[in-house]
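Everything below concerns the one structure shown next.
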Amino acid sequence: MIATVHPPTGATAVARRGRPSRRRLRIAPYLQAAPLALALLVFLVVPIATILVVSFWDYDSVRVIPDFVLTNYEELLGSAVTWKTYLNTIRYAALAWAFTLPIGFAVAYFLAFHVRTVMWQMVLFLICTVPFWTSNIIRMISWIPFLGRNGLLNQTLIGLGLVDHPLEFLLFSDFSVVLAFVHLYTLFMVVPIFNAMMRIDRSLIEAARDAGANGRQILWNVILPLTKPGIAIGSIFVVTLVMGDFITVRLMSGGQSASIGLTIANEISLLQYPAAAANAVVLLAVVMLMVVAMLRVVDIRKEL
Amino acid sequence: MRTTARRGLSFYLLAAVFALFVLFLYGPTVTIAVLSFQGPEGGLTFPMNGVSTHWFANLFERQAVGDFGGSFRRSLALGLIVMVLTVVISVSAGFAFRRGFIGSTALFYLTVSSLVIPSILVSLGIGLLFTIVGIEPAWYSSALGAHLTWTLPFGLLIVFAIFNRFDKSFEEAARDLGAGPWQTVRHVVLPILLPSIIGVALFGFTLSYDEFARSLMTAGSNNTLPLEIYGMTTNVTTPVLYALGTLTTVFSFLVIAAGVGSVLLLRRWRTRGGRGAAA
Amino acid sequence: MRSGAAVELIALSKVYGRSVAVDRINLKIPAGSYCCFLGPSGCGKTSTLRMIAGHEEISSGDLLIGDGVVNDVPPARRGTAMMFQNYALFPHLDCVDNVAFSLKMRGVPRAERRERARAMLDTVHMGAYAGRLPSQLSGGQQQRVALARALITEPGVLLLDEPLSALDPFLRDRMREELKRLQTDLGITFIHVTHSQSEAMALADLVVVMNDGRIEQAASPRELFNAPRTAFVARFIGGHNVLTHERLGPVALRTDRIVLSQAAGGAPDDARQDAMHVEGTVNAFEYHGSSVQLSLAVPGADEFTVVMDEARFFADPLSVGARVRASWRDGDLHRLQA
Amino acid sequence: MRSGAAVELIALSKVYGRSVAVDRINLKIPAGSYCCFLGPSGCGKTSTLRMIAGHEEISSGDLLIGDGVVNDVPPARRGTAMMFQNYALFPHLDCVDNVAFSLKMRGVPRAERRERARAMLDTVHMGAYAGRLPSQLSGGQQQRVALARALITEPGVLLLDEPLSALDPFLRDRMREELKRLQTDLGITFIHVTHSQSEAMALADLVVVMNDGRIEQAASPRELFNAPRTAFVARFIGGHNVLTHERLGPVALRTDRIVLSQAAGGAPDDARQDAMHVEGTVNAFEYHGSSVQLSLAVPGADEFTVVMDEARFFADPLSVGARVRASWRDGDLHRLQA
Amino acid sequence: AQNIKTVTLRQFGTGVSNLNAFADKVKEDLGFTLQMTALDSDAVAQRAVTQPKSYDIADIEYWICKKIFPAGVLQPMDVSRIRYFDKIVPIFVTGKLNPASAIAQGTAPHSVGFVEGKDSKTFAKQPTQWMTLIPTIYNADTLGIRPDLVGRPVTSWKDLLDPAFKGKASILNIPSIGIMDAAMVCEAMGAVTYGDKGNMTKEEIDKTIRILIEAKKAGQFRSFWKSFDESVNLMASGEVVVQSMWSPAVAAVRAKGIPCVYQPLKEGYRAWGGGLGLAKHLSGLELEAAYEYINWYLSGWAGAYLNRQGYYSAVLDTARQHMSEDEWGFWMEGKPAQKDILSPEGKVMEKAGAVRDGGSFYDRMGAVACWNAVMDEDRYMVRKWNEFIAA
């Protein structure tokens, strides 16, 4: 025999060398994570804590007064407007979601399953992102010449004889707000769904076809269930973005609709910081609840 | 012959949906582009009142109010700083997460919450914090931080995606061949990840360059470009705004093109470098 | 259960863009037989199989299953079922639902289809795992579920693309036996793609050796081994030395039909000569358990391999560099097509 | 070039969290030998190899390379080099730069290191591809480059984790020969992880069979095959039936040492009896080219396999269901550890 | 020693008066640098209070001053150092345009124009030595209309809620100002009688808001506007035919060749005024420069510039010296223009023969019904206003 097999020396052997080696490597991850942790601590955790603290402060027309009062919350939660505004904001979120989801799904589906080369997928995707390089605000005000009473669309419709009065609901309405949301946020839905679709093994689709599934059945029984995590992530994006929005609602509703973000922005502009802070705390809680609910569908870490 | 290769009805339907979607996306951009060529007498709305490049020229003249140049330079500088920090911080954190450490889950979820917390709350929080502590908010401090809370989560998520596809054995091979930790990063990890890192950088820059809500309460006394544009909308009623919009689009386009171009060039250079050496 | 269907390929071709993956092949696979497609990577095995399954368009030629041309029939109505290389189990469905999938597509009510799926899982010994998701199963278990899913449609032809290559060698042998047993029991036609010659030999009634889009030989394993038609086949299936014989041209000589003895000395003979022996030096040897394989350096042949029984070898072991004479009987030479 | 170094494992363990992947193994690998770790999936082969390479922390025990304990020595200073399963060639560097990498890390000037890398590429017959990127190479070519990259550090020990599993069977056999030749030429110690017993048999001077974190047997291939120590080893390396002998307890019987004849009839004998024959029915047979493998259903044994020469089998072929008597010589029984 | 020319003063305010042309002129006339930052009115108030070190000179409105000055971020100015103090229009000193006129409701500029002493934060009832803001610009606002689209004369604030203009009306969505417009409307309708529109009681606020909400629900409003361009675009595009508006916005619409009238109404105007305040931290040479700047501001060139835009300047005499007779006649005296009236940039604003809406300075500033204001019930009012917006 060329090899010697020593008899096992028992548990003592295990105990003998218990010391961890290369300790130096162990601090490295902490150092590497520190900048991120620090940045988020200083610019996220502490500010949010500040909001929480300030939400209990008092204020007059120009100043905040350190104190501990519940009036901000009382006024907030005791007011019917708050509830209405929340309902309205959630309605916007629901509407935006209801439109971005099917559109985003269809676009992602097209890119993932009908566009065959990665090159073309890249090109088409970049084409979709180009408009986002124009300033948001300028893009939004440019809806006005397009959708207005005498805007491009109405003129076209009248010119074609499709309508005889300009359509008023096109601008400064829920329609225009949701339209702008869809415009701004559909891409946030497309990307995660596309990502999920690209990870579906193509042979699964062949297997389904082999089992006699037609196109619709494949969509419903295979693609949709497997795209669920992507849908969840996209939905989180869209819903949180809409929940916090204020500029779109203000510009596109002609100031006629309220959203929580807008209320907060108004309160900020009127220097009512504690009221804004109380509102922010409630909004944060609502958004977090929604996100946690949506996260039940998906483990984000697995989806990367 | 039946075929899986031939385009079915669903292809044409979806292609139409996609085309409409693109049209919809481009609607405003095109409107802006067209209106920015209004004649000198033209307004912000249709109809066109002549065609000229007046408003582009006007953009470079001194405006009655505001300061495009300054705000553009600030936004550019801020975008670049955010870009660099985003890359450095998220790549470094990516390494940490790969190695694993106590509290990584907490930090991960904190990062994710940074993504879902509405921008205005971040803006408000940082604004309040700075006011209370008594530090002047400025674009290079508070706004920078506010932007980071937005770009870092994206950066980290992308880095995660990159690292999930990055084979650990490259690093082990390097270590095996005598590379120290820094040499491994310098000669193996970074070169391999470079194209993706350029992606993170571009992402960081564009997110910051057009960020409005998070700058609102944090930019301090000097406006960034989106704030300036917003300010302009309150008192400028000429197509110079659209000219600005068109130019910023072109500018972003150039930045992205430069980014994508450099990735392609890098790839080409590597391949050609390979062939060249073979010859 | 439906019985096996015959499959016939008539001048079947597959062209991708400009490259011809499958080049006008003709083949008749009898109903109920086990057919293996064997060949090197890229020779067109998968393309052929996918054309039969209906997942790939036929570029030209005809495909008959049973007695109809099925070129334009959709996959599910060809009476074929496919088992994919990576199994392609639906990750979001448990075993029962995976197996019941095709029944669901056909609108079979839930209770009934689940019951039938369970029965099918039992036949592949997976009844105990009915409620598990694919990710909770080992490779071999996944494969059985995939098999059950393919079989529940009662196909006349089962198509398998490298079904064993993802398994470790231990499991591979076990599943090989099971596949064979199943095919015998069900009596349906199996068409199995592999690039392992031992797999093809062990399983098939009909081995189809492909090379570069064409069929080199289609024959029973025994015929293939004893009468390879071309040098390519002889080399690919292994166990043969290919020599150039002066009179016969290219010939195959089985490596286990050679006897080694002490070299006679004198001028070395040339393998090309019309002799029944050759002299050479031992280059290397590999221990294979019950046998030992020696590589000889022999004038006039690139490779010359001799396989001998382990006991016989070690009774009088040769070392690397030893000069030996290898001899064979004339009848062991098999003439190849040029 | 540095010559091979001996490697010794003393009560080496690897614990991941609560699960013990490697359990106090002891092993001495002589300098300059070719050692194969063989075992089923998850038995701890890779973990052991990575501890030797220094890529995995040693949980307990000692590791000696040459004559020093290297537990805490970084990988590059252990005198080992590793070839990774997927080769881990740096995708952004061409072949020369990949091979020259370790020299660059050591600060060797560019011209010199490229020259040495080229020379090394020549020894693995890859000189012609020096300027290519890994993505422009085939699997076998990549493997050679990986080999060159590992060898340029002039290691005393080369570690290989399943170096052949990514190759197709054809290429696999070719590279197997080359590995063996290289090891013989260089004289350095190779430690090679595989789960193919034929690979281990063909290559190794020392085969280490692992199971469940422990070493079942470490021996030369021939000893392993002729004298497996445990039932696990006998089953894992194949070619053996494991029977329970009344007097001897568990025994191994080589499948190619059995002679079949017509069944005598009468009451069936039991394999557990102290007999040198058993009767049973033919269950299945597999054609293996030069041999045929029969599975018999025999009372008292789960599996009973007989391998016989093809020509002998077909001279008087048996069909499934035939009753036969299998007999052997007493000396062919090998007693196993209980 | 430091030279005044090395000083840089940072001024911020709304785009209305933070004009780069002023900075250029200051550089030319006085030699030091003035940095201008234009913000919207919300941001102005915010910046003034929360970032007092970020500016040297605040260009803010009087009603905002009422909020800001007590916060202690500004320092009052010594009137003895203001060269033209005596010539400032008396509205800003006594509150009366001429001794006979009544003081309008709301936060009249004079009521927040002075403090008791150099370090005091409480407003003085009478003029003192210490002035909070030096007035720069002010105007009287009314409804803007599209004469071609309204179809009938508009004479009263109540026409804003006239069902005839359903879906074509708009109101300003800055609570403190919007509520004043709303109050003008409600008072004109006779729906509410106010003690002081500039300082409403909760009940008055409730009633006003209720009327607004009803109108909103009935679809009266096309949109609300918050920024200058919005009001211009709404009017120019015909989305809206009657809305509360600012004078230069009307001019901007007209400049596009679209008819638009700044319609004088029988109930009078809602007025507003802005002024320059000095940051608390200013001292030494910078303070010197700031006083110089303010004196320059009142010395005529700036006044003329503002007057030419349709606003009014604080010291009329000096401004007149920088304007032509024709300009003065058109802008200040309500006379028909003899020649084309040019904007400060030299663009034609009005053709010869045009007459300014609302007539002369005295016609307009004499008919102010109320000033933009901050109420005691400010917080309550804002809440109710938000209810209106959310309704």
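Every chain is named by a letter (A, B, C, D and E) in the order it is written, and numbering of its residues begins at 1.
Assume contacts are C-beta pairs under 8 Å (C-beta built on N, C-alpha and C of every residue); 3 or more make two chains touch, one makes a residue touch a chain.
This one's a predicted model, so the numbers in the text were calculated from it and none came from an experiment.
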| item | value |
| --- | --- |
| Shortest contact path, chain A to chain E, counted in steps | 1 |
| Most extensive contact between chains (C-beta pair count) | A-B |
| Computed distance of Cα centres, chain D from chain A, in Å | 52 |
| Intercentroid distance (Cα basis), chain B paired with chain A, Å | 17 |
| Per-residue multi-chain contacts in chain C, two or more chains | 54-55, 74 |
| For chain E, residues contacting two or more additional chains | 43, 46, 50, 226, 229, 233, 237 |
| Residue list for chain A, restricted to those that touch at least two other chains | 141, 144-145, 148, 150-151, 268 |
| Residues on chain B engaged by chain E in the complex (per definition of touch) | 41, 43-45, 62-67, 127, 131, 136-137, 217, 220-223, 230-237 |
| Interface residues, chain B side, partner chain D - complex | 167, 169-170, 172-180, 183, 187-188, 191-192, 194, 270-271, 273-279 |
| Complex contact set, residues of chain C against chain A | 53-55, 74-77, 80-82, 84-86, 88-92, 101-102, 104-106, 149-150, 153 |
| Touching residues (chain side chain C, partner chain D) in the complex | 40-41, 168-170, 173, 176-177, 180-181, 195-198, 201-203, 221-222, 225, 236-239, 254-256, 284, 286-290, 293, 295, 307, 310, 314 |
| Sites on chain E touched by chain B in the complex | 10, 12, 14-16, 18-21, 36-40, 43, 46-47, 50-51, 53-55, 226-230, 232-233, 236-237, 252, 256-257, 345 |
